[in-house]
Amino acid sequence: MNPELSAILESLIFTAESALSTDRLCELLDEFDRDEIKSALSELVDYHQGRGGGFDLVEVAGGWQFRTRPVFHRFITRHIKTRAFKFSQSALETLAIIAYRQPVTRAEVEHLRGVDCGGVLKTLLEKHLVRILGKKDIPGRPLIYGTSKEFLEIFGLKDLKSLPTLREIQALDEQPSYERQEELQLEPEKSLPVESQLSL
Amino acid sequence: MTAEAPAHREEHLPLLDGLRDQYSVHLDKFDGPMDLLLHLIKKNELDICDISIAVITRQYLEFIKLMKVLNLEVAGDFLVMAATLLQIKSRQLLPLDTEDEPEAEEIDPREELVRRLLAYQQYKEAGMVIGARAMLGREVFARTATEPLLAAAQNVEGPLEVSLFELVDAFRALLQRIPAESFHDVAPGDSLSMADCINEILSLLQEQDTVQFDDLVSDEPTRERIIVTFLALLELCRLKLIRIFQGGGHGSIWFIPAVPADTPEVDAP
Amino acid sequence: MNPELSAILESLIFTAESALSTDRLCELLDEFDRDEIKSALSELVDYHQGRGGGFDLVEVAGGWQFRTRPVFHRFITRHIKTRAFKFSQSALETLAIIAYRQPVTRAEVEHLRGVDCGGVLKTLLEKHLVRILGKKDIPGRPLIYGTSKEFLEIFGLKDLKSLPTLREIQALDEQPSYERQEELQLEPEKSLPVESQLSL
């Protein structure tokens, strides 16, 4: 381990506005070997996890970022406001279909959900969670959609391969969804989308 | 918060209460017919692969009736599903024509529905799992402060980062801001615009040096297409962006870019 | 030393937009003693200095903040100078007009935007997103602009035909009223202090 390299990596990741990819770090630090950088990064992850501080080094959306541990969110929100999107069930379903089946057309999403998805799709595009990948080479040339980098960032996913596999989801069918992420100690009522109620 | 109640709701309260007990659901909660079907299947403790179409169809239709009673708008999607259910049900009532069987290659609508329900259930659950993750800005936070050092520094040579939707959306926002008459040719409608046609031609010329007129209209040889393509070519010719050739008396029309693709050696604007 | 308190303090200071004063920290963490907080803070200063990482905990302008060590600033500026270039709204609009209305003159772009576009146009030319197609055969022989090959590459388009049309984006708005109902937020989440709830 090269302590100077580790400190340089920390300073770069710490000041960047968004996650820095390994490629980008290697490009910036061309005086160091790629292998050296990669092993320093994985040692840093372990180091921060081991010291049990207020934040960890995590790999998200193909990049590296310091992020607070979920367990402290109740203290943090005393001081700063949450900026998270509130996801309706339709938004999450649509997002899941796009995430797992990309590239996918609007018609395919609508066939699966059985409802018109134009409004939801547009909101997801506006929030940059979904992006237009191009047009499909079939008659009518419909637009095809996929998830964005922001999607991975917001949900803390390293890449699309880190999405839970659909079979895994089925196996866990009976378990409440908040328990499926064992590494996170979330308070369930806060992590689940609130259902709207029609008062009668 | 209370949704505004339709005036006549009071009369139907007993009915409503009964149904609410029966289904114990919130009426505005269903994300479409698939969601409602899945709910009914769970409520009746049925196996998706072995649903009783008669029971499900009856309950589904009752539900739609209730939505109408409550003056909730029943979206077309719900009615489409109702029709599908009724079709499956009537098919089951009819005796199977044994003669037809060997050639009956068409998809069984019941099987198709089961397949869709299974897929839908998976994605619905996947959505819940994704939504339950620790979310940036909700349970997990990144650093937001900017170091004084960075505020001063400028980025000068970085790559570009922009999405296609941002581009289209910028154009859409612009159109909303300016008076419509400035954009005579973007009016909605199905007619083919000359601008689109010019774009197509320019994009083809980025890929190849010569293009034949017939190639431009072969996909869609309608009268409108041919006229618009021809006008677009004339416009491009007028702008001196292309040169047109014709092979022989009634031969094919060819055109080439008048300016080589990688020009710019021009005075700054 | 209370390791949990230290981690909470770190998470608060890490996420704050500006330095947090001791008074403010004590106010936020009223379940802890002021003395306890003060000693945890000074221990944290020593701890970060001792570990020699990329950043330190420092007391500036009456508050606490993590700051990178000056010795690493030359690496950080490397990143800043070459980080991804975000488009300004005016650049995006100008590019959009050129993309959708090409071949187009500067005067036509300016007529639509209602403002001078010389600077933006120059930037777009420098970034090779836009190219000069030729000169228009009208008095003054103004230059006419169109998009370049790089433009297609950046947006991942096969050709100009693959640009989504306005009609396709507008079509997303055409949805049954049932979907719109779904998007209404009937009950704000009370458990979280929410500043900008973006309901999807």
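Every chain is named by a letter (A, B and C) in the order it is written, and numbering of its residues begins at 1.
Please note the rule applied: contacts are C-beta pairs under 8 Å (C-beta built on N, C-alpha and C of every residue); 3 or more make two chains touch, one makes a residue touch a chain.
These numbers come from a predicted model, not from an experiment.
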Outermost chain relative to subunit B, judged by CA means, is C
Averaging each chain's Cα atoms, the one nearest the global Cα mean turns out to be A
Whole-Å distance, C-alpha centre of subunit A to that of subunit B, is 24
Rounded to the nearest Å, the gap between Cα centres of subunit A and subunit C is 17
Per the C-alpha means, the centres of subunit B and subunit C lie apart by a whole-Å value of 27
Flagged in subunit A as touching 2+ other chains are 14-15, 17, 66, 68-69, 76, 80, 82-83, 85, 87, 90, 115-116, 125, 132, 190, 196-198
In subunit B, the residues touching two or more other chains are 1, 3, 28, 31, 75, 77, 138, 141-144, 147, 149-150, 163-165, 168-169
In the complex, the residues of subunit B that touch subunit A are 1-3, 5, 9, 13, 16, 20, 26-29, 31-35, 75, 77, 80-81, 116, 119-120, 122-144, 146-147, 149-150, 163-165, 168-169
Per the touch rule above, subunit C residues touching subunit A in the complex are 3, 6-17, 20, 24, 28-29, 52-55, 66, 68-69, 72, 75-76, 78-79, 82-83, 156-158, 161-162, 164, 168-169, 171-176, 178-180, 182-187, 189, 191-200
Per the touch rule above, subunit A residues touching subunit C in the complex are 3, 6-17, 20, 24, 28-29, 52-55, 66, 68-69, 72, 75-83, 85-88, 90-91, 106, 115-125, 127, 132-135, 141, 143, 189-190, 194, 196-198
In the complex, subunit C touches subunit B at residues 11, 14-18, 65-68, 73, 76-77, 80-87, 89, 92-93, 95-97, 99-103, 106, 111-114, 118, 121-122, 125, 127, 129, 131-137, 143-144, 146, 149, 152, 154-157, 159-161, 163-167, 169-170, 176-179, 181-182, 186-187, 192
Within their complex, subunit B touches subunit C through residues 1, 3, 28, 31, 73-78, 138, 141-145, 147, 149-150, 153-175, 178, 182-183, 186, 188, 195-196, 198-200, 202-204, 206-207, 236, 238-241, 258-259, 261, 263-264, 266, 268-269
